[in-house]
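There are two complexes below, and they share chain A, which is joined by chain B in the first and by chain C in the second.
Here is the complex of A and B:
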């Protein structure tokens, strides 16, 4: 049998990490994603006990699972460390009759951690053209970043996840790396 | 230019793409006897008002919703925005 070597979205054998002046930028190759939609007028389900959020919201649940709003009656469900599993099937088992689509391999996630909230905020000011309230802790939204469509998930004060299209992983990494280097004072 | 998205608040117009006159939502019935003439008008005839205009915008780098944006084409002032699905269901 052919001996295949798994690679990350950036083409490496291990997820890339970059640090600069208090910022840590990390490729998260283990994040599973699946989208969930329900028919109009149907009450929002609660997969894995997650309370599905309203527009612009991010809900964090047990076991590294989270959910964020992507459109009316539609959410993305994310699970840490589950990228190698059939997460869409697990989600469908939680929501019988829900419209579930596997999304893991369409996207790539980059985690940015900093020492404090001010560092993340000054970074987001440069990256995305959004009011601060849209990227406050517990908010998640889709927007443009250097002409690429991304989801911005503000998980905590000092942690933001940027999810972008997998085919553009290298361009997105470059944009983020350049921004943290400039702000972190290493460039 | 900022567009007041009914669900997401003020968003940069760069996140959106423009389609055209909101009357495009009123597609003629292809089964009517005058469908050919109606479609010719639908496809080729447009008003081009200097002033208040209702137009369709797609939130491409956002929640992928279609909006009906009311805009003054002379001043570029945006007077309002609502979800096109709401407009269509209301039948306006």
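Here is the complex of A and C:
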């Protein structure tokens, strides 16, 4: 175990949390990510038992693992609480011969939750130019948000994960914080 | 006071406001215009060119005259139409475009010089003397231009944006729009209904009629209640759909807080981008006027507006209730205004109707076959001259309503160059079916203007839209509306000796149009530009068709033969703030921060913007008073001991697959497929046309697994082009590309003591030259088990490495290196020293690979392999490129105290400084602490055979001329021994 101390994408020692009028915005520093690609025409594997989804799909499996489609024959595999591990190696062990690339620190994940699903929808229509079908529960879409490239993962009615480039974390957090403050009525 | 009973204002909520410093009162539901009229204020502004006194002309967003500066301080907004400003308590507005008071505007002297300001005045007058243009004319015109003035303070408000994706967008919530929304909403379509007004109803609110035996306003309330209960219908009031764009996208601005004294916690406005599968344009119509002599006096307004003020705002248009009101019309609608006024007990001077043989529709006098030929009343109408039966007479009147018919609001239907069609029957341009795809037009916007027609048409068009959407719908019962007479007879203007205004806001008269015709500016687009007709902030909503008619009369052509103007977005003015989204200052655009940013900030680094990145430029220490001191120290430290620099910004692309080597062979000009695991190779990429476009290193981590490094600036571009090649050019190659730029924090460790420093953090990795030679790479662990990648590459020319760790550990690794290397005098260096070091070494970067240079010019022509094909290889061998004689060389000043300036062009001593004698240019320059003088890199014709020759580096822009000597581009260790040590 290394003796170096990591920092979060926002540059802090602990993940940031912000609440506003029913919204909770939380930096998720524990989400491990690795991309998986297979050769064209090869049947999609099932790492960790995940059924890898088609375009726009988000698959949720056991143990906090999930997968979403990123390109033909290519997926992002995510695992809660595994960011400090060599998750890419774990994934490769699941899919021998697969093309795995470590992505954990290529991205930053911000979790947005509200008990009121309508609040999540109001927020999404301010953030991303996507029709409701693309942000319905179980959907994952790559799109632009304030000139930044993001993945929008609608995990449930009341929970959406925005995954953006790590180096843009501060700008993305600002955009999300501003939006929830405006809609949450605290600004 | 001219307030009457009734109306849709809330008399329980009185509001006070100020106009030009005087206090007035109004009610909730008033606009600034209706409240001013209620207080007997008729003079509200001055015209653009002649500073003529002007009053309120309309009751909507088409207003050309009643423009004010709204609010105070930083929120002051000029050119605000009083007719669409919702009154709030404490509102402050001032008249504009005047010197002195509104009553006694000193600039009204312009009116005396009107003959000199005719159409084309600027073009004719400011042609000569030529030299006067820049110094005198343009500044003078700029000072005089515009109407209101800006506060010159930063906008204090926030703006938002959002996106909507309805099945159907209904633009306009009048009779047609409400029926369309109701029909489609009931059918289950997702419907967005947008209206620029604060309440739905459109003209129904202004007409005060009866629908289904209930007052129109109540019928509207019932429909709105039903729509609000439909979960699939969304209503946006105070929202102007200002433009139709490609692919069914519409732009709309919601004025969230403009009706409030201050936005408070809310945003001021929201920009909505609406992607609609279909849209219905139900924007109604705008009344046009009939130009006649002196028709611009305060108190003269559109007859339909007069009716709106009476019915909706309970206000009559004259200054005093006892003043009689007259109507001038060519159609039945003018008579409806007379009826509305008469019903409220307003004294009527009569209806002047251009049509012969018409009679009154009620208890008032009608002058059939008559015209208005003149007016009196400098600051407010007092009398009109009536020509009737060959005689003239003056009638006292305090207000005149003018109606020349209605122009359908076809604007959005024209936004894709859709040309409206002229209807002889309706005497109006109506939309053709050549407008934006998916846009249907309903109601008065396509000439179906009576309430009954609009209600039926809204439902009918809605069913068409539902069919197009594939949703089954049911035709609703069409509400019964009272019959509205609507006969009209063409009459476009009253010939006058004096001026008859067509476009009020830009002061364009019938005479100006005649002059344009006389001067052969007859095509509509010429007419527009010669006279400035329709070019003011109202875009000539009340003027354009009338102007066309006048021009048609002059040319003897029909109106459609004369043409029509093209309408472009925005429909009404849109603030730049809302278009910009409100992001300013540091938030103007997203910023990328390097993994060591927190550490660099703590060190007091000075940052520089490099594209979206913020990079540490240099790290000043106490006692250093000039950046050069810092940079020289940092550069020296690298050459003397060891320096560390965050180089995460360089692009990193993970390339995997059995065909990865072949793929890279085709991407790079040089052979890359032969690279063995554990090795790094420098690579050059060419564009398709053979020009060099990026360089970097490629590391082979394992068989079929590479990491391509790009320059910072081209990281995205190279990745994009590689993806294009993978997907489109060579889909047969089995290869996968993933950007990992952000995933890994990469730190350059450079200098003779770099090996020693790194040895202290690696976990048992053999750093010896034999085990890990120059251009080696390895995956290893550092600092007790952290996975890392190590590359032995050098940008500085020194023994150097780049070490990469997962980005979250980058900051800690930097701290560790600085801490561990204290005894080695480890020094952090920024981009400035990085530049110095690479110039000293003669390494090319974006300054040299600038999109105009070739591998040959870089001295890398042999890198373009002939053993294989690659992008740009063949094109690089064409004569125009391969024959380029310029070569990259170094330069030093002959006098060591002189600077070398990047961008300077090189000429032989004694030659003129011009392009005919150009010998090349300096691409990069810096002060080199190693050399002890300024140095530079640059391209010189036959440079490789002219080392030692002197040239003049000329910088005519700054008057510099420096004698320089061409030298080898490698100022440091030309044999390359240090980096291999």
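Annotations
The definition used in the following text is that the second predicted complex is superposed on the first by the 182 of 187 C-alpha atoms of A that agree within 3 Å, B and C clash if a C-alpha of one lies under 4 Å from a C-alpha of the other, contacts with A are read in each partner's own complex, and residues count from 1 in each chain.
Please note the rule applied: contacts are C-beta pairs under 8 Å (C-beta built on N, C-alpha and C of every residue); 3 or more make two chains touch, one makes a residue touch a chain.
Just so it is clear, the model here is predicted, and its values are computed rather than measured.
When the two structures are aligned on the shared chain, A:104 is found in touch with chain C, with no touch to chain B. In the overlay built on the shared chain, the residue A:131 is in contact with chain B and with chain C.
Judged by the number of chain A residues each one touches, C leads among chain B and chain C.
When the two structures are aligned on the shared chain, A:56 is found in touch with chain B, with no touch to chain C. Applying the stated contact rule after C-alpha superposition, one finds that A:141 touches chain B and leaves chain C untouched. When both complexes are aligned on chain A by C-alpha atoms, chain A residues 129-131 touch chain B in the first and chain C in the second.
Residue ranges of chain A in contact with chain B, taken from their complex: 55-56, 69-72, 129-131, 133-134, 141-144, 149. Chain B makes touch with chain A in their complex at residues 7-12, 14-15, 60-65, 83, 85. Looking at the complex, you find that chain A touches chain C at residues 1-9, 11, 29, 35, 37, 39-40, 74, 83, 86, 99, 101-107, 125-126, 128-132, 146-148, 165-172, 174, 182, 185-187.
Residues of chain C touching chain A in their complex: 158, 160-165, 265-267, 273, 275, 583, 587, 589-595, 597-598, 612-613, 648, 654, 656-658, 734, 736, 738-745, 781-787, 805-809, 811-813, 816.
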